[in-house]
Each structure stands twice: as C-alpha cells, then as structure tokens.
Amino acid sequence: MASALTWNRYGKSGIRLVKVRRAGDPHEVVDLTVDVALEGAFDNVYTDGDNRACLATDTMKNTVYAFARVEPIDHAETFAVKLAEHFSEKPGVSLVRIAIDEHPWTRLQAHAFARAGEEVWTTAVSYKDDKAEVVSGLRGLVVLKTTDSAFSGFPRDRFTTLPETRDRILATSITAAWTYAEGFDDYAKRAAIRTAMIDTFASHKSESVQQTLYAMGEAALAACSGVTDVRLSLPNRHHLLVDLSPFGLDNPNEIFVATDQPYGLIEARITRALG
Amino acid sequence: MASALTWNRYGKSGIRLVKVRRAGDPHEVVDLTVDVALEGAFDNVYTDGDNRACLATDTMKNTVYAFARVEPIDHAETFAVKLAEHFSEKPGVSLVRIAIDEHPWTRLQAHAFARAGEEVWTTAVSYKDDKAEVVSGLRGLVVLKTTDSAFSGFPRDRFTTLPETRDRILATSITAAWTYAEGFDDYAKRAAIRTAMIDTFASHKSESVQQTLYAMGEAALAACSGVTDVRLSLPNRHHLLVDLSPFGLDNPNEIFVATDQPYGLIEARITRALG
Amino acid sequence: MASALTWNRYGKSGIRLVKVRRAGDPHEVVDLTVDVALEGAFDNVYTDGDNRACLATDTMKNTVYAFARVEPIDHAETFAVKLAEHFSEKPGVSLVRIAIDEHPWTRLQAHAFARAGEEVWTTAVSYKDDKAEVVSGLRGLVVLKTTDSAFSGFPRDRFTTLPETRDRILATSITAAWTYAEGFDDYAKRAAIRTAMIDTFASHKSESVQQTLYAMGEAALAACSGVTDVRLSLPNRHHLLVDLSPFGLDNPNEIFVATDQPYGLIEARITRALG
Amino acid sequence: MASALTWNRYGKSGIRLVKVRRAGDPHEVVDLTVDVALEGAFDNVYTDGDNRACLATDTMKNTVYAFARVEPIDHAETFAVKLAEHFSEKPGVSLVRIAIDEHPWTRLQAHAFARAGEEVWTTAVSYKDDKAEVVSGLRGLVVLKTTDSAFSGFPRDRFTTLPETRDRILATSITAAWTYAEGFDDYAKRAAIRTAMIDTFASHKSESVQQTLYAMGEAALAACSGVTDVRLSLPNRHHLLVDLSPFGLDNPNEIFVATDQPYGLIEARITRALG
C-alpha cells in the first residue's frame, strides 16, 4: 500500500503573553493568547523523521516573547503581521498563520484593571507570498433582547410542533470575523464595527435569527469601508416559556428557562458587493 | 455489620430562571441559577425506600418557577428567603438551603442587554427554626494590578528558590461571601461592599496576597454595618517574568507568562469585633 | 471599627506531577495533582504584612517535586502523609491539609498508556497534633442503569406534576469519600471499595436515588473494615422520556433526552455503627 | 452600499439522544449528540425575513428523536445518512450535514454501564446531489508513552533554547477523522482503525510527533481498505523535566510537570495513493 502526505501544518498554540507598558502613567496592559502555525515543505519531517527543517515549536514560543519585548503591540493585528513576516523567512515555509486572542481589561485605576468579561477579541493573519490577509473579530459577546424578536411563517411538516410567536426572547453569543482589504491597516476600527453590530442586534425588528444576522453583517460593512466581508455565527440560546398553568398561574412572556442544549446555530458570510 | 445514616441532604440544583419585567419601560432582566436543598427526617427514604416524606426534586423546580411569577425578585436574597420559608413547612424538613447565582446583565438599550462578564453574584440562605441566615457574595471577579505588590521577607529553607520581589503583577479571581446580621435586609448594599473591596485591591500597598485580602475584608465590613463577617478566597494567578536574556534582551518587568497551574490559594475570614 | 482575623488558610493548589518509574519493566506512571494548604499562627502576615512566618507557596511546590523524587508514591495516601509530616514541622503551622487527585492510566503496552477516563481518585490528609486523618475517594465515575430504578409514592402538593414511575433510567456521576480509621493504612483496599459501590449501583432494586446511595454506602463499609464512614454525592443526571405521540409514535421507555440542568442532588454520610 | 449573502448554513446542534434497546437481554445503550445543518436557497430568510422556506430547527430536533425510535442505530453513520436523506428532500436544501458525537459506555452488568471516558466517536455525513460522504473519527483519546520518543536534529536560531533529547515523554489527545470511499459501509471497521493507530503510537520509535502522526495515518489506511484518507491532529501535551538540582537531587527522566499551555499542535492529512 502506498500513501502520501497531502497536507500538513504544525506550530505552537496557547502562548499566554501579558505585556505591561510602564513608560507612561497610567500603565497599560495587553493580554494575548498567541498561536503560531506553519505550512510548507516539511514532508521529510513526517515521512523520514528528518528534523533539519523542523523549527521547534519551543523556538516559536520564545520568538513570540522576544518580539513582544521589542514591538509596541498597539494592535494585535500589527504584532501578528510582524511575527508572520519573521516566520515566513524560515526555510521551507510557504504559509504562516498567526492567530491571537486578546483578552480585554477594563481600567479601575491608574495601575489596576478588571477583566471585561468573557468576550475575546480575535485576529488571524495568513501570510503567504509576502502578503498578509488579516481577519479580525470577536467571540463570547453574549447579548439578549426582550422584545422585537419573532419567528413565524415557517413551514410545518409531520415533525413540527413549535408554535409561531411574534414576541420571544432572543439571546446569543456573538462570534464575528471580518476580513480587511489588502493594505488596510486602521485596526482601531474594531470599536466601530463592534458597536455597529451590537446596535443592530438591539434595535432590529427580527423575523428570525437569520434576518438579524444579515442586518448585523450589513452594519459591520457599513461601519468600516476597509472590511470586505463579515462572517457571523449566532447560536440561539433558547429561553423557553415555562408553562405555569398547572399551578393556576398565567405566564405573560415573563418566566423563562434558559437552556444550553440543544441550540439553533445560524451562520453566514456577508460580502461587500462591487458597485 | 451495622451502619447508620448520620447526615443527609437532597434537592434540585441548576434551576435556570430568567424573569423579564415588562410592566415598565425599559424592561428589566433577572437571570438566576437556583439550588434548593433540604435536610430533615428523611431517614426512611434512604434506609427503607419509603418515599412518603420525599418531596420530589421536580416539585422543587416547579415551585421555583411558580414563585418567580408571583414574587418581584427585587433582590435574590428576598426571593431565597421566600422559597426557604415555603419549603420549611414541608413535613420532616429541619433545614432549608437556597443558593442562588445571579448573572448580571448590562443594559444596551431599553430592551437589550449584554452579559456583564464572568462575575456571578451569589446568595445562600440557610433557614432553620424560623430564622434565615443570609450570606451573600460574588465570584469570578478577575482583577489585576501592575504595581504596588511585593513579596519579600519570607523564610527560606532547603526547597526555596523564589527570589524576593518588591514589584510584581498581582492578579486574582475574587470569591467573597459576607454574612448579614440577623434582621438586616438592605441587600442593595451589595454594590457598596463590592466597590470597597475593588478599591482596596487597587490602591493597597501589598506585602502579600494575605495582607491585601485582609484589607479587603476590613473594607467590606466598613462599607456595610449590617455585615458581621466576610470570607475571601483569592487564587494567585501567577504572572511569571519571562527570561529574555538568552535572546540578548532585558525584561524590565514588562513581559509575562500568565499561568493557570499551579496557583497560590489564600483564604481567610474577617469578623467584626465587638467593641 | 475593629475587626479580627477569625480563620485563615493558604497554600499551593494545582501542582501537576507525573512520576515515571523506570527501574523495572514495564514502566509505571503516577499522575497526580497536589494541593498543599496550611493553617496556623499566620495572623501577622495578614494584619501587618510581616512575612517572616509565611512559607512561600512556591517553596511548597518545590517540596512536592523533591519529595516525589525520593518517595516511591506507591499510594497517594502515603505520599500525602509524608508531605503533611514535613510541613507540620514549619514554624506556626497547626494543621496541614494535603489533597491529591490521582488521574488513572490504563496500560497499552510496556511503555504506553491511555487515560482511563474522567474518573479521578482523591485523597485528603488532614494532619494535626502529630495525627493524620486520611479520607480517600473518587469523583467523575459516571454510571447508568436501564432498569430496576423506580420513583413513586412521593407526596404531591400544588406544584407537583411529576408522574410516578416504576421503570426509569438512573444515571449519575459518583463522588465518594471514605474515612479510614486511625492507624489503618492498607490503601490498596480502594479497589474493593470501588467495586462494591459499582456492583451495588448496578444490582440494586432502586426505589429512589437516596435508597441506592445508602445501599452503596453500606456496601463500601462492608468491603473494608478499616473504613469508618462514607460520604456520597449523587447528582441525578435526568434522562427524560421523549413524547413522540405528536408524530404518531409510541415510546416504550426507549428514546430519552439526556439533560444537564436542572439536576437532583442527593448527598449523605453513612457511618459504621458500633455494635 | 450594496452587500450580498455569499454563504449561509443553519441548523440545530447539541441534540442529546439516548436510546435503550430493550428487546434483547442484556440491554444496549446508544448515547449520541447530534448536529443537523442545512445549506441551500435560503437567501430570502436572511435578506427579507421571509420564513416560508425556513424549516424550524425545533422541527429538526423532533425529527431526530422520531427517527431514533424507528431506526436501529446500529451505527451512527447509517443513522446520519438516513437523517441526511430526509432533510435533503426539503425545499431549497442543497447540502445536508449531520454530525454525530457518540459517547461510548462500558458494560458493567446486563442493565448497567459506566462511561468509557472522555473519548468521543465522531461521524460527519455531508449529503449532496443524492450522495453521502462519510467521515468518521474520534477525539479525546489521551495517550502517553514513557520512552521511544526523541526530538533532535532540529534547526537552531537566535531564539532556540530547547535542548535536544533522545528520550522524552510523549503525550497527546488524539483527534482523528477518516473518509470512507463512496459506497463503503462496513462501519464496524472503526475498531480496527482505532486499534491500528493506538498500536502504532505505542510501538513507534518516534523522532518527532510529526513522524509518529504519519505512521499512525499509514496504519489507519492499512487497517481498512475502505478508507481513502485520514486527518490527524495531535496536540503535544508537554511533560517538562523538573530541575531538582537546587535541592541536591538528580532527575533521571523521572519527575515531570504536566502542562496545558502552551502546546505544540501537529496536524496532517495522509491519503491513500493510487497504485
């Protein structure tokens, strides 16, 4: 039997890096989890146990910490691009992928901070042929609206029991990733993109999670001309109305069970159309 | 061989309850996870399979949802006391324990909210002999300070390698629980207690996690005269200075590895002294 | 206002230790997570920032690794006692608590192993006044039975909707902790105690989780005369029968939804009676 | 600004299904978590809030439970194909994806079982144009070897500090996914494929995780002629040798710290070569 290595990638994941900028007052904190991954001409590593081209993943980790000392890390995106450029010059490398999770902190005082919650800001740089593709985003942004969410008019078959509703709770944990146009590097636009999506979620008259997702994607594109497309993934965190009638009570859309499983999962990509 | 049932407790845990108050505008959201537990004369359930005294845990769950419809739930504490009173009247019950996790939401708009993070507000009511003991608190409040934290002067033995430091990162995830005096019911004081602990963490000139913990406990007692004692648990989320010297770089307290394991764990109870 | 430190404890948690015994063939692996905690006359550390009595938690960690080199660790219990004796001799210490999670591995070959699952073996040694109390146990042992489990005859009130059943699925994740008599040290008895509890779970004609719990506790006591009491905690992992009647199908106790929340939680202590 | 919906997918995830087969004795348990996802002509749902083509995810859930009653579920793969066929006939659907996690149980007695651990068996069926592609696999299979693992001969640059080693611990959590050839349906071959990978891990003289991964992939292909390719993902769960020299002790490859972060991550696809 013959077999072939048809794809390979390796690297270091989960590099936990905290940088404190002490030059000014107040201090600033940058809290990142960095993943480095390489693709390239590493077949002999796999098939022959020949490690001459295999940059150690421990070396990748060291490199991240050394670069963190030298680079300002004003934006995770620029730091990722610098790292990608460095690793792209190693023998055999054809593609570098740097993925960074940024854990935001809220300032309490000049030298003290509180974690801002479960929300994580993400960036993933794919570097190939001297070009970087930068995809930024977020995950773990949990939002809920108490009205302006309906789900009705859907098809009914033998297995359909869900009643139609014109007023339900809509809750989700937003995962979003947007692609910046080549050459665009105003990464501070993250804030405007994020606000646009949140505002749309809050104010949208929703006929479905799908429709709200699309509106959020459109809002993200409108908030930053440097974004070429947006991918959104919205798990539907169902809030089930409790039947209180056995206890002689009504339930005017007020008491809910929050459930984890099962959950609807709605995903789409919205792309800027050429005009 | 003879054996005896020397302690027992049973109940329902993880009751996920969301209440939306729609009477006014803007809407309000209360998001709770409720645990109910009973102790009492239930020996025959265990030893004989006689269920005549065994209130079903499913009934406990139903009761929580029904009470949620009727009670305003202005504070989780008062809701817990109401539930405890109800269950205390069931045959055989000697002690009721109601524990509630409250998941705070931040308002985005009149009818939209974002989860405020990993912080959870806790309350535990122990109800016995017609009296409620109320212990409230929080967990998952992650804080970090970039200066004013030292650890030196500790004893050195054969196994000590830790260098002394006068300036390190101090990070922790605060778990706090405070006991209210009997009859005290101004549960809105939670905010002042919480602020006092955070402010103390931020501004304290720390010689150790222990010393900062004690100062935080004192501050909590000072913030609310209705609190009789405070228990704090502070895991030390170590931030290790990276040795960059192999790469020809210094590291002036700037680049750190954030670690999960192992972690120091500092716990204490601070009690209001009579005087 | 005056306040007082009324209880304190500190230590190092989450010390991840793997020991490979290579002297013989096949190799043996011991995989532990160790927690060290001290109580004692440490008030000045908290109240005055005086660290002269504060053994660093980093030193505790180093001590665990050094002892692991010297001690055989045939049983986690004996290793814990050795560590406790060591720390009990430090100035100011009145009580040492060593808690160990052991992660079992199954042998694949002479030098290869697979993790045996989520089950963890636990031991907690409390050392005070030159005496060790040893409590061993396990957690994460998930078991399920498809018959011989009933729940009926329970009281019904205004909030009861649960139907009675004579045949349901019973599933739980066993947490057990048993106390060894002073001086008893045949820690290999763990296997017999564990088997007794599992066999009882499997074969018991259950009228309730409570009754099965009690039978398991009795079986554990019967399996080892050196055990003085057993504490069991059994979350009821409810398997809800799916109503298939809307689809023209029956469901003769065959198709279930496995749920996480809410869950019944049944706990008790069973003690050997003097006779 | 104009924007376009360039990709979409929606469905129900986390459908927890337990089936008990009671016809024979002993009983049999099947424990699955099912995800259903559809792609197709659903643009109007997103862009216009028109739900006429939007099969409710609640209906998907109901369908899974109803099919579970009727289908034998001898293999998760055949159940997934049946579900996929059903959903493919709904208006607008161009692609159905059914992903199933199977949670294995070990038999204790005729009617009692224990969870076999963290290992999950996976299958993902993509159904399009009346054809099913079946990819099966596993995840969470944690293995460790105490010898026959080296890492040396790798390049050294300015940031390399890792020493070469000819004998280290190798530990990983195996994630594998293999594609069956069109028309192949002997899904019981899972056992042989799994055994081949485990045996290879255990016996391989490893020069790197990469080389062991490749050997495991080759072994999987050799174990089942119906497999066309294998994808493996092996996180390197580093076990770091503890430096005991400050305590006057040697450490002959015996005492290790098990770490979670950072971790090497090695991934590849191995494909059967036509010959």
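To keep things simple, chains are lettered A, B, C and D as they appear, and every chain counts its residues starting from 1.
The rule we apply is simple: a residue touches a chain if its C-beta (ideal position, glycine included) is under 8 Å from a C-beta of that chain, and two chains touch if they have at least 3 such contacts.
Owing to the predicted nature of the structure, the values given are computational and were not obtained by experimental measurement.
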Path length in steps (a step moves to a chain that is touched) from chain A to chain C: 1
Winner on C-beta contact pairs when A-D is weighed against B-D: A-D
Most widely separated chain from chain A, with each centre as the mean of CA atoms: C
Separation of chain C from chain D, taking each centre as the mean of its C-alpha atoms, in whole Å: 30
Cα-centroid distance, chain A relative to chain D, in whole angstrom: 23
Computed distance of Cα centres, chain D from chain B, in Å: 37
Where chain C touches two or more other chains at once, by residue number: 16, 62, 66, 159, 161, 246-247, 259-261
Chain B residues within the chain A interface of the complex: 16-22, 27, 29, 31, 62, 65-66, 68-70, 105, 108-109, 111-119, 141-148, 169, 198, 201-203, 239, 242, 244, 246-247, 249-259
Residues of chain C that touch chain A when the two form their complex: 158-159, 161, 246-248, 259-261
Touching residues (chain side chain A, partner chain D) in the complex: 1-16, 35, 37, 42, 45-59, 61-63, 66, 90-91, 151-157, 159-162, 206-211, 213-214, 217-218, 221-222, 229, 231, 235-236, 260-273, 275
